[in-house]
């Protein structure tokens, strides 16, 4: 996390994160800079990107300001209305609320919880949802409500409806699928579009489908990886947020690759969750714009 | 290259590289160690691997020995005949002869030639073959014969026949396709099976087919890579020898990715050529066993 | 872990790990291969290396064999006695017993325990020792005895004596310092030479001493790393077992680097512990020979 | 390189790169956005960073604009004068002129020239300077003037004076030391402060001084690297621009490490030269701010 400058804290400045996307036109940055100046704001971080193919402009700005969120929102919204943007504004201290889903394998869940506990991830985890009871005791250790929502072919619609209720009930900003092994329906993916991060245990688009590490072992690849992406109806095709790889060789068995895969999966998912919790990830058609530091 | 111990050079010891593959049975290593002992050899490097799935044993041994290659070969062949192995033996100083193929893009060719010139690659490059004249002057700069073999749909069989003649005429051990943009026929792939290394400008099996960097840009991957593999009739499915990746982001254009790709391609191909020129690569069905250092 | 071939399990074959180091002379491999053949063993993995500078030969062999450990040991010892080797032999199923030391920061401890619990690390953890009580509840969660051994300048000799007692009492093979922030005395380092793995929160020899991430931020390095090494009297100079890095930039604060460092530290330490628990690490003067897979 | 949008080319828009650094105060971004708006500019890339410790603000903006460079410069200079900035403005098509220095080892030189020839590096190379004649023919192949400036203890001041003359005569923007093995005097470093990029054949601050690969081999590190940095009087302490590493092991000799090092050195130096030629590198005390893509 960025450290606040001590002298600024004394002035009751609060930090805000502002993101915006719209068709690229001259004057957008100026309009934003003007209004931030008008509210006595000071820009701390600023990233922008124009996708040449789509002509869409993406921006993320962090600024400190003595005004309230509502005052700023009103002025900003007016100032950029001419660009018909999709925008968001929030206090930087206001943590994203993340619902974590898991099945039986717990390495990603355990890693998210650990990072959350030591304050590395700027999120709240109000509830953990699973289609198995395997991880219930882990949730209990962390004092987080655990909701068991079993899924069969018959109960799937009801289970997904329950998930949406929980998203609502717990005021969830986004969902992290920490090795949740059920495919989401098209309807659910659309209802939560851009709000569900999945970890795919493969370097997409390398090995789609089941048992990617076994596929990798059979194909003899020299690097294996994992991919965090937004969930979409087409399972392996969602916009990619983050990826990483590790070097392997012929001597590693599928079991070895699975073990190594756990390291990559947990790290890639945690990075994606952190990026999204800081509003650094914007969906851009089939891909993402990620304003990393 | 491994440095010879000075005291050994004085004893007129020569280094030999011995590779072998056969069905795994007890006694193979012992039989080999016995015969190397009998010929007064001293093992310098030794690697072995048993593929649990196929039950095939792979071995590579480097040893120094005062006997001639023929004496050693006779004794080794007799000693391991019971295992019906596929084996090879050669003096380590005897360089592999590599025919390099190229089309118009010269970054892999230039890199191979540079490494060869400064003595980094233990190979000879007796001839360069191309379906374009673009790289003729580069070959001339290095004093290497350049053979122009144009390829059209009609002339392809004749062109491939010519290539086989050149392989024969120049006593070529293996072929390096340094961005040679023609698909080899099934017949040629079989005739030169395990003897043609191709560089695929993608992290296989990620983006098969044409324009992989454009595919990568559209898919928004966060890492791009390249793959060196043995050429097979199925273009993107040959046994993988070496791969590498570089991190990318949304801000890189397809042109940027192509430029970055050149760095990965030349390094991956050069590594694969070096590995194969030291007899470190053995085909194991759809994959390879690579005894790296 | 390597998978046993089913047909071999039926024959009551057991796997053994044999390591050896001695002055390099012709005939060593043959002597070993002979005795493994004599005891009806079948070699599964074999690695060897001769350090050209020191003239020392290092070997690690995994073989399966129907004989008892004692029978094999007797024959092996006799067969290689002429080379005056330092050797070790043990059943591959016999787990290394690892005493884990920790201070207040628990990320490495938590990671080791997690990997141990899911069976990824072939070790037993009989006891956790700390100079703080911070991690006591973590040990309790895993049902592992926790011994609090506070250290002050005055009590340091007594504390180290206590540690040696614990090593003895719990029949410990080696010690993993999982962010244990006390410097070991020269005497202790010597008493446990080659048996204490430390994780240094820096890419050695880059940033020795305290607060390496702050040093890295000030120096503006573009990669930060961590180093697992054997503890020696000279704190930052022990033989290096494993290292890794992650890319960073100017925008990361020292706090960010510390967070990123935790990821590298836990992964590097866990890898080093796994390597050593499989007898893959041999000290070679100031450095190590590591027979990775 | 960023692709121009076709419709913009028709409008005779030219791209400009603007960089600025000054004490951080509210209103800087607004002032810049205002003036870019006033000159009918459209921002294409924008990066900014405030160093919390020093309180210095760094910015780099690429914009397209129908006005002339002089018109823009006048307005920009006026608009930001209140912040007493250090600023630069230039047409993006106007290539940086790079003087390359080399001694005997040519791998970095050859790589820079290759990238320059195929248009990957947006630079001009008006002259190559060397203290040896070894690389004269390489310069001749590329049609670039080669100036031999031998250096002995006695002639060093004269040699450095000659270098400064050449910098002046050839209107050089910055110097790339492509394995130039002479230490520059304090005076020269100061005269060309922030304008000389050196490639250090080590992952600084790991192995300072001579023969770093031999040091690395002796120390048994598991990764080796290279560092591109600005030359300063203290040889190994200049602000770091770019670094990279490759994995190594005990089996690699110092000769192997040197060969692997060449790959890292040439890639790291080329990246640093490209970054600096696009005005992406700003010196920030002992370190750099690098606005990568």
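Note that the chains are named A, B, C and D in the order they appear, and that numbering of residues resets to 1 at the start of each chain.
Please note the rule applied: contacts are C-beta pairs under 8 Å (C-beta built on N, C-alpha and C of every residue); 3 or more make two chains touch, one makes a residue touch a chain.
Here the structure is a predicted model, which means the values were calculated and not measured.
The two sequence copies chain C and chain D touch through a face in which the numbers common to both exceed half of the numbers used overall.
Should one ask which of A-B and B-C has more C-beta pairs in contact, the pair is A-B.
Of all chains, the one whose CA centroid is most distant from that of chain C is D.
Between chain B and chain C the centroid-to-centroid distance comes to 35 Å (mean Cα coordinates, whole Å). A straight line joining the Cα centres of chain A and chain B is 42 Å long. Chain B has residues 2-3, 49, 52, 249, 251, 253 in contact with two or more other chains. Residues 1-3, 107, 110, 114, 118, 120, 141, 249, 251-253, 255-256, 259, 262-263, 267, 293 of chain C are the ones touching chain A in the complex. Listed in rising order, the residues of chain B touching chain A in the complex are 49, 51-52, 203-207, 218-223, 225, 239-245, 249-251, 253, 284, 286-290, 292. Taken together, the chain C residues at the contact with chain B in this complex read 2-3, 5, 24-30, 32-34, 36-37, 40-50, 52, 55, 247.
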